[in-house]
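What follows is a pair of complexes built around subunit A, which joins subunit B in one and subunit C in the other.
Coming up: the complex of A and B.
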């Protein structure tokens, strides 16, 4: 890999995930996070030379929901800007590409959306092929259940195993003040919860939640001045695959495997197992297992730590879940993870996804040291 | 920009109010196949795909790039989906350009589309914003007061809007891909009903089904290509907040800043003399006069004089929208990319019957939101 520009996460702020913030609209939820993130890295908005956000109009329940975010991201005087209709982690990825192009040194990345304003199970049905698949009425729980069935059939994974993974995430989430579900639950308890859609139980899927997220990226030369312990990006890659559910082996994610391989290669890492923690945008225990397989790590081993934040099972604000994974990796490497800190964490992997059944996957490999010298 | 980037392929659909014979995927493929053919490349040559379109409510498909991944040839490639309101086609192409400029990608396919016949644009473009009275009047109802303010501010006579609309249609008659190509006179326009004062029916963009695709490539690839490339000299996307006290909606600062940025980086000091043609985003007639000022082609208050003197017509000093522009073709998400693609075709010398003579530098421009989002590039025959 040729030498790239060292870029780091230098600040992260997240509104605690809640089922519904009754009193604030999306931009009101976002504004304090923008201010906190800027305060976190000790700069004013004028010090940031690029801004990019991720959100979805259908989540906002109206067209142009993102336009309002301009008001709170600091878009006066006019600023160089972009908005992606995706999880905000992809917005961070684009900001990183822009820094590689030399077009900016610092970037504010935001994710927002009032998930509670609509019915995500009906809304996310509209992501599917409008001619052949959406009319069947498949929603994200149904497609996740198809994926879980395929995975369990191929690997012999048991219901008990899913319960244990969910229990581990619940236990981790109990230590993270920003998540929605802050109570631990045993595998026995979770295995007794009713089916959401068989073979997924209600204890294996996240509740609906909303949040607002701001993250700051900075290139070498500025990052060190903005953060005492920047989380340097060592490698990153993203890939999409076909959506057509019947044309895919839903028990595997080739786009995740390829993106992971490329991100690790860019990072000069031989194995994902060498990192200290992994934050995965896995909305079910089966997605966690599929992603572990794609990364080549054993979900049963204690290292790397899997979703020490509790992961999406305890807080899944759509279009923000992925950026929160990157923010959590930063918190771990910067020593700001509080009660859910992984002791001595020096390298981390963060993952984001978009679409049904892990259709599109983005990986980040981060470390406490610069990648390129 | 870390390294030079060129447009090496341009493709667009035939635009019409209803391409009922095509699915959304078919529509996108019509443009993508033409862009790849134009570039002499195949899907396997493409390193990443950058997709743009306006609100998903227009077709009723959320993040349609997910189901289009196959049709876009994006399987196992990086893909992003951009949405910056009306400017999206342009900001999408610029994001694709950044991919190549980064050195990480050699050939990037970018595509933007809208299949307006699948939904109802008036509904989809009448958002209920918090704490704001809903206009329920679409984009025209939103922008008509901006045009009235321009007229009040500059004293522009009322025939200027109809002149712009009639000229756009005369241009579209030379563009085989355009949606509305029937010629019309200034009198025809003036006799059409007022929809939103001062905007008349024939001064309004149509609702179109259409797509545009471009292939952006590195210098090494551009030198290998079958055709003369269009070099991207500079590009930028700027946005400004809406509710800033004193914000000038008629001559928005974001547009001025963005134009200054791209002209400076392209080494252009006097755009009126150094740009030979411009494709600018004019969904309602009066915006042509307004943007001539906002872009710095003339002083404030002089835009309508350029129109009155006919200096922006085809064959005159600075032909604006020789393709007929948004007034004649408006697949919303694609409209910005069409402006940038048409500018590229002009410097490539391949704009067919609407080719402007002697184009060295061309501007492509789009805007969106409440005249808040601006995206532009300057393309050139020279590196």
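Coming up: the complex of A and C.
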């Protein structure tokens, strides 16, 4: 791997995930996070070269709904701005690429959106093609259940196993003040919850929530001044699969496997098992198992720590879940993870996804030391 | 093997219905509630003192919080306007009509509103106008509580008095 520019996460701020914020619009939820992120790295808005956000206009319920966020991201004097109709982690990826091109040194990355104001299951049905898939009423729960069936049939994974994974995430989430579900639950309890869509139980799928997140990236030379313990990006890659669900083996994620391989290669790492923690955008225990398989790690081993934040099962704000994984990796490496800290964490993997059944996957490999010297 | 259909299917209709239920937000809720009492609220920037109406939680310009709500006048000055000669979907107004940017007294940015009770060609930049409210008992705490603005007959304001409040 040729030498790339060392870029680090230097600040992260997140509104606690809630089912519904009755008091603030999406942009009003975002504003305090922008202020916190800037204060966190000790700069004014004028120190940020570039801004980019991820959100979905269908969630906002208005075309070009994302432009509302410009008013709280500090867009005056006029700034260069980009918006992605994707999880905000992909916005961070875009900013990282801009930094590799060398035309900016610092970037503000935001995610926003209030699922409680619309009908997200209906909205996400529209992600599918309007001819064959959307009209039969598939939504993310249904497609996740199709994937779960396919995976369980191929691997012999049991309902009990899914309950155990969900219970581990619930226990972790009980230590994270930013998540929506803050109570732990035993595998026995979760295995008794009713079907959401069989074979997924209500205890295996997250409630949808809303939040607002802001993250700051900075290149070497500036990152050290903005953060005492930056989380350096060692490698990253993203891959996407076909939209037609029937054309994919839903029990596997070749895009996740390839993206993970490329990100690890960029990081100069031989195995995902060598990192201290992994934060996965797994909205079900099955997605977690599929992603572990793609990464080549064992979901049953205690190292690397899997979703020490509790993961999406305890807080799943659409369009932000992935950026929160990157933010969580930063918190762990920067020593800011509080009660859910993984002791002595030096390397982390963060993952984000878009689309149904892990259609698109993005991986980050991060570390406490610079990658390139 | 079956014959192909005589009439090919050329189109697929997809009826999309997506209801939304927007939270007003505490800041906007206070603004809307005040309209019911014929009051217009703005928010003052804690750093520059500029007053934004409708109120915002922060100044988009300075990025400082605008945490002080202030009452501003229901009258002001036309800063720019246009004369609409084509029908707009969802609006049954007699053509032509005037849509204007109006800088209310005490506000640093303009709102948009109709100017009526005069001929469209009488409207001009600098013209003084005032709000015409729905009668007492009919106001609901919505933007439609202000029916339109109308000329006050006061002398026009010089351009310098409003050029930075467009």
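As a working rule, the second predicted complex is superposed on the first by the 373 of 373 C-alpha atoms of A that agree within 3 Å, B and C clash if a C-alpha of one lies under 4 Å from a C-alpha of the other, contacts with A are read in each partner's own complex, and residues count from 1 in each chain.
Operating definition for what follows: a contact is a pair of C-beta atoms (placed from the backbone, for glycine too) under 8 Å apart; a residue touches a chain by one contact, two chains touch by 3 or more.
Because the structure is predicted, anything quoted here is derived from the model rather than measured.
Undergrad: Of the partners subunit B and subunit C, which touch A:45 in the superposed model: first, second, both, neither?
TA: second
Undergrad: Check whether A:122 is in contact with subunit B, with subunit C, with both or with neither, and answer first, second, both or neither.
TA: second
Undergrad: Taking the superposition on A as described, I'd like to know which of subunit B and subunit C A:70 touches: first, second, both or neither.
TA: Touch partners of A:70: subunit B and subunit C.
Undergrad: Touching A:25 in the superposition: subunit B (first), subunit C (second), both, neither?
TA: A:25: touches subunit B and subunit C.
Undergrad: In the superposed model, does subunit B or subunit C contact more residues of subunit A?
TA: B
Undergrad: By the touch definition at the top of the document, which applies to A:244: first (subunit B), second (subunit C), both, or neither?
TA: first
Undergrad: Does the superposition put A:258 against subunit B (first), subunit C (second), both, or neither?
TA: A:258 sits against subunit B, while subunit C stays out of touch.
Undergrad: Considering only touches as defined above, state whether A:197 meets subunit B (first), subunit C (second), both or neither.
TA: Touch status of A:197: no partner.
Undergrad: Is A:98 touching anything from subunit B or subunit C once the two structures are fitted on A? First, second, both or neither.
TA: After superposing on A, A:98 lies in contact with subunit B but is clear of subunit C.
Undergrad: Contacts for A:131 in the overlay, against subunit B (first) and subunit C (second): which applies, first, second, both or neither?
TA: Both subunit B and subunit C are touched by A:131.
Undergrad: Under the contact definition given at the top, report the residues of subunit A touching subunit B in one complex and subunit C in the other.
TA: Looking at subunit A, the two contact sets intersect at 25, 58, 70-71, 75-76, 123, 126, 130-131, 134.
Undergrad: How about subunit B: which of its residues touch subunit A in the complex?
TA: Within the complex, subunit B touches subunit A at residues 1-2, 23-24, 54-64, 66-67, 69-70, 74-85, 91, 95, 98-99, 101-104, 124-125, 127-130, 236-244, 247, 252-254, 257-258, 369-370, 372-374.
Undergrad: Taking the touch rule as given, give the residues of subunit C at its contact with subunit A in the complex, in rising order.
TA: 12, 14, 16, 18-28, 56-58, 60-63, 65
Undergrad: What residues on subunit A touch subunit C, complex-wise?
TA: 20-25, 27-28, 31, 34-35, 45, 58, 61, 70-72, 74-76, 114, 116-119, 122-123, 126, 130-131, 134-135
Undergrad: Can you list the residues on subunit A that touch subunit B in the complex?
TA: For subunit A paired with subunit B, touching residues are 2, 25, 56-58, 62-64, 66-68, 70-71, 75-86, 90, 93-94, 97-98, 100-103, 123-124, 126-131, 133-134, 237-244, 254-255, 258, 354-356, 359-360.
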